[in-house]
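Just dropping this structure here.
Letters A, B, C, D, E, F, G and H mark the chains as written, and numbering starts fresh at 1 in each.
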């Protein structure tokens, strides 16, 4: 194993400081199931390594605790994302975050904030579900300017298939978990997206806006890396 | 119970000759799980009551047996439907049968033949799935001329939601059972259709073209009945 | 795309004002997952376009907010429906809303109020489940006078099949979500209804009284449209 | 453990000869998954203990093998049941076997033959499903004469609930496994029956006609035992 | 339909006063999903017809409301059962209620109280699960004295199979819903019981102690009826 | 049945005092679904038989009640385990408890405390999930020193397969129930572990740290027993 | 709708010749569920438009039929892919196709052939599952040279999570459908992959090698497009 | 990574020759999904490294191919296991393989042959299911002499819980996949075993006799290793 890996051991957690070298981005803190104190300790470990901080699934208590050690922390309540941006982020590409309905926006925003924290320029397109397809058609040309599309939808998730048929760039589908009756908290949407008749579509877990934002940034960064190689920069 | 109901008892089956009075159409024979001989006996019971015969889920052996007692029987192999039409069928309305892909056509055709046998004029629209939505847009005005739409699709069934958003007539959705991987023989499609974000959509069982055709005809017949009442005919 | 579609963009939502032309009814507001403020903004956008307002899945906070901008708003707590009726509704047909037990009534009432708001005359038949089938038999002749039947039931949903066998008009089945043990919040009822042995039955999502009411009105409106065509009115 | 239990060990199987004393009936041979030779060895072990033989889920090869050692064996191909009746069976009660459709008859017949082999008098009522409820009403008074009812149905299994509401004797429900689309080989029927709104109903596994027949006979035997006790016979 | 059926219509409910004649017992009130006021109205309707009252799934509020109109009402908090016993109940047989663990007792008690209200003598056997099978063996001879056994268990429900193999009287299995992890609120137990390798077992819905108690009483009543017939009483 | 089994009957529970002889350890109290008073009575019954007490799934109320009768009781809030250790525990082997993430630690700790109470020496390895596999590699040689490994993970549970491929001692896998979206409270993890491509792995129920700790101790005790036999001690 | 879309209507299918302009690649023929004759007609329609042909899920009969109209067609039996390459394919990037076991190779090869037909250079890495993780470590540096990784695995799919933790380029996960017991034809693998603890992973349908190959090529093409823009070529 | 791992690369497979050092046993060949030729090449690679060969899930064609390169190969048709034993196997412990019914024996035998090939002495106990529990009681003392028990059962798998309550050695449960109706090919059995109320039980995949045999041998080997350490041998 040729990678020089190292981590800081906090007892309850091992902070993976080699991840940036290995995966391209620092460790993002997933707050759900962690105490505010645990999140704060992890945040401190990351911040002292000269990294920016991104923490998802954070509630108000998590944010209060982080604020106490980083007064420049900001919090998006809707998306439940904490961020501390102290170092400039290299810009690496354009992501379109497209959501079907008003209720899908928290997941869409988690995706958008994640992609932004990782260096992407994000364009947001809200409430363009297929029950009134002219709303999607009105913005499709703007959507096509992105490097990657993140499509967030609930219910039957048909937005993903329609979108997939209209563009020639990668579409990352995220079930929002919105729906009722036999939606099963997003399972029907997930299955429908996995079965999409459109090509150029891949799928993330229910409500996993972070995952789609991270994947979009990974694609953008590969584009950026190859451009720099092509220009003889790297 | 005030209905004068009666039936013929064949031992293995009781042929419900009051159904036409009660439900508006004669009993349709569901052949799956019945022997050719059983189907033939039921067919004879129906034909001798001066009814037309419609038999679904029929295989070649069922057809051969029916042909032996009704030389004017016809058979659609793709839709697995036998019909013997001896009496004129009152025309009662227009049904659009819209299908997403080539593989959805057997179910679509079962629906179409059932609706036709029950008196509907049927217009067929094939291979207009949403992965290339311009194909649907090219025929949408023709589809809108129907009294009822039957939409047959597999995979994620997004056709139903797009269609539901574009028309103001009832849409009957039928999962074709076509799909692979996590489609589960149409279950994903069924759930997606049940979760459609479009209004004016109701759903039938996987592969149940007959059910949709029958429901479409029931709606058309109610239209026809009310028109005749309005004209003072009935 | 030949339709002249337009919508109002509120940022978090795009209000589809062409829906009435395209689908026959104005947009109905689904309140679940929207803040009272969002619902109010959407309500204002609809009301200023000279439309009546129908809002489903509304809680007390939603109603209080709407009441502040429309003092003539009314609220049915059981069915969770807000309505503001300022313009006359054209009468278009008769809907029978039939429910199996006392606990099924909120869903039945959502269906009834939706159909009424969309112009249907609604007759309600409550607590006529099949465990005491004489209660259904006592009212079956009244039920038969409708253009469409909405059947709401929980548990095993047998009411739908019995009803489907007794009438010759369309039956729209809605699982109420009532049941216990292996009912799974209505999934068993949904599957049982999808598998109904009766013809002339189509199914809506669990608890989706709105969907059934809307579908019933769509059928009634098609009847009304054809009658007017037949009379040379349109 | 005070029971004097004993069995014969054939190596691949241990024949439980104390079952008759313990459970009231001899071991019934379940043939599925056993070779014809294994079935024959078990049959021989049972027959030599002066017992009658009942073997279920038997195919033609099983029957041929049993016939070779018991020329008086009989076989019902539809129900897949082999029986060798050499000793008189005490009559213990009346069972009504009621089935919804023609395709449910193999399971119904397995139940009927099992109950008969165990001493019950069986009355059969076929094709009385609820889509034409007058067919059930025509025979309901005859059904009520039984000690126990076995109700076999497929699809949504509504027959069970209707029947349960009409009688005051125990109803044993058996899903036949007949159905299509989202029936899942009888799972929907099983769940619907488990959720029946009628009281006095208990449920057996999909296709388990034997289980219902055995349970019916167990009930009849308890009736018989108590009658004999009441008469001072035992 | 030859039955003289009648019921009282309370608007929200139709009280089925012919049930006693038809099914042998009066209507039992299922309180879940009904308001205290609705339960009270139904209770009044039943009590004024000279019937005893049994109400299941009742919470403290339901009981308080019933107490206000029937000061002789009693309430079992654990089993959530209200009863008002004003008329003597004919004794009709013996039921053994056997439960596997301490946590299964509320369901077991619902079954026991139901059976008692319907005239059965009930013997209770608690905490005799198979993880320590000697506890079951110590009481098995007492259990065998019953006419019917109700077996309540959670987790994998193995008690049912062991019991079924040890007795020759009917066993009614009830999954208690107790379990954790992949028990799914009793679904695993239900499926395991449905798959029991023992004969003479039938299954009720998860937590449906009432259903099992009612079924047990139905069996006991049939025994009682036949004994009286045998004695020439009826 | 040759075992001299006995138990103490508390009415609501039968305390199995022969379990230690039969299964090697005293009965462990599962508190969930029992009242504090019931737990206390069971605890008293165990403690008076000169046994140590281990109680799992205990909440604060259970602990308070036990403390009142055993002032030397200790409580681990995270793992929800109460223990009263009054008699020396024979040391029987080494267990490595390995967990993937911070949120998996309560289940891991339940396993660790159980194994310790039953005589095992436990080594804990936390936050060594496969997303940063160098963290696992850094401790793998320490893990290999155990007699049995308990691996606790959520999400896709890949830790189990990687671990299983790296060691030659038994691995007991426990899904922690941690995950989101389509994790279904640990069901996906359970299924993934059951499907592990590594050999030498067996699986416990979701969150069942107790079960894995008990199994680990059972294996260690068998090792200890055979060593003592080999040394001629037993 | 501003897109100049057109298609050829074959009756049973509408060939979407605008897809190349819209989505970047010509229509790929999915053969499953189409007759050899239908595939041949579609192939002719594509080939006469000066396109290369790619047809997936093709059996021997499909290939024989295509060969008759295109003697230069080639067929990969394992991957069930037909290709006719008549025009040069622009090279657009590097894809690593990594598979866990020997049995996963057909799906991996479908992915690889699709990506190659769409212009990617493909490197294949076989049998590097995590049960022997040193095999993966031996090739990880080669894998890291790709623009996109396609990871194909069955069973619990742990390869995806391990791989995702070791690289900083996008990983497209495909469940192969290989597994037994509770793998459910790939469903467990799909769910495990959707729940992967690693970031930078998105998922395709079970067995959908085509989908992953197409997605990989879509990403590569976006890279290529941006490089050409950066160089001022486009 | 400090382990000196190596493997032979056959192109389609990488034979892991370091597994014996790492996991204690050589690679066992899983034949399902591999061609006879592939199995033969892998077999040759293993045999030339001076190892014994064990190949599971082998059909007749696999065996014929192996026989051609190893005339001393033997084949158990029932268990589908090929073995070539050329080097003495160190004896490491005793395994009891207990199966519930005749149809469970192929899975039980796969477990038994695997354990034997890996050095265990195996005692087999067949047809001791709980429907006749005296058959199990007759052999329980012999079963208790083992180091590990493998319990194979179908249907509801109650054997596992009864066995787990009677012994104090580890029980490895394997669902055989035998069952019908709602058994779902062993899923019900798997879930029931995972929910076993007995302690000291861990579970393997449906039909995974190999997995249980391997796990049993892993436990036995750890016993053997510790004994040798205790004796100062290693």
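The rule is short, and it goes like this: a residue touches a chain if its C-beta (ideal position, glycine included) is under 8 Å from a C-beta of that chain, and two chains touch if they have at least 3 such contacts.
Computed from a predicted structure; not experimentally measured.
A.B. asks: Enumerate, in label order, the chains that touch subunit B and subunit H alike.
C.D. replies: D, G
A.B. asks: Where the contacts of subunit B and subunit D overlap, which chains show up?
C.D. replies: Per touch definition, common to subunit B and subunit D: C.
A.B. asks: Treat each pair of touching chains as one step and give the shortest count from subunit C to subunit G.
C.D. replies: The distance in steps between these two chains is 2.
A.B. asks: With contacts counted as defined, which of the two, D-H or C-D, has more C-beta pairs across the interface?
C.D. replies: C-D
A.B. asks: Return the chain whose centre of C-alpha atoms lies at maximal distance from the corresponding centre of subunit G.
C.D. replies: The chain lying farthest from subunit G is E.
A.B. asks: Average the CA atoms of each chain to get its centre, and name the chain whose centre is farthest from that of subunit F.
C.D. replies: Between subunit F and the rest, the longest centre separation is with B.
A.B. asks: In angstrom, rounded to a whole number, how far apart do the mean CA points of subunit E and subunit F lie?
C.D. replies: The mean C-alpha positions of subunit E and subunit F differ by 37 Å.
A.B. asks: Provide the C-alpha centroid distance between subunit E and subunit H, rounded to the nearest whole angstrom.
C.D. replies: A distance of 45 Å separates the two centres.
A.B. asks: Two or more other chains touching the same residue: where does that happen in subunit E?
C.D. replies: Within subunit E, the residues that touch at least two other chains are 1, 22, 101, 131-132, 137, 165-166, 181-183, 190, 194-195, 199, 205.
A.B. asks: Spell out all pairs of chains that touch, sorted by label.
C.D. replies: The set of touching chain pairs is A-B, A-C, A-F, A-G, B-C, B-D, B-G, C-D, C-E, D-E, D-H, E-F, E-H, F-G, F-H, G-H.
A.B. asks: If you look only at subunit B, which of its residues touch subunit C in the complex?
C.D. replies: Against subunit C, subunit B makes touches at 1-2, 22-25, 28, 93, 137, 141, 147-148, 165-170, 172, 190, 194-195, 199-205, 210-212, 214-215, 218-219, 221-223, 226-227, 230-231.
A.B. asks: For a test of understanding, state which residues of subunit G touch subunit B in their complex under the given definition.
C.D. replies: 1, 3, 5-7, 11-14, 16, 18-19, 22, 32-34, 38, 175, 177, 186-187, 190, 205-208
A.B. asks: Where on subunit D is subunit C touching in the complex?
C.D. replies: Within the complex, subunit D contacts subunit C at residues 100-101, 129-133, 155-158, 160-162, 164-166, 179, 181-184, 188-189, 191-199.
A.B. asks: Which residues of subunit E touch subunit F in their complex?
C.D. replies: Residue list for subunit E touching subunit F: 101-103, 105, 126-128, 131-132, 134-135, 137, 178, 180-183.
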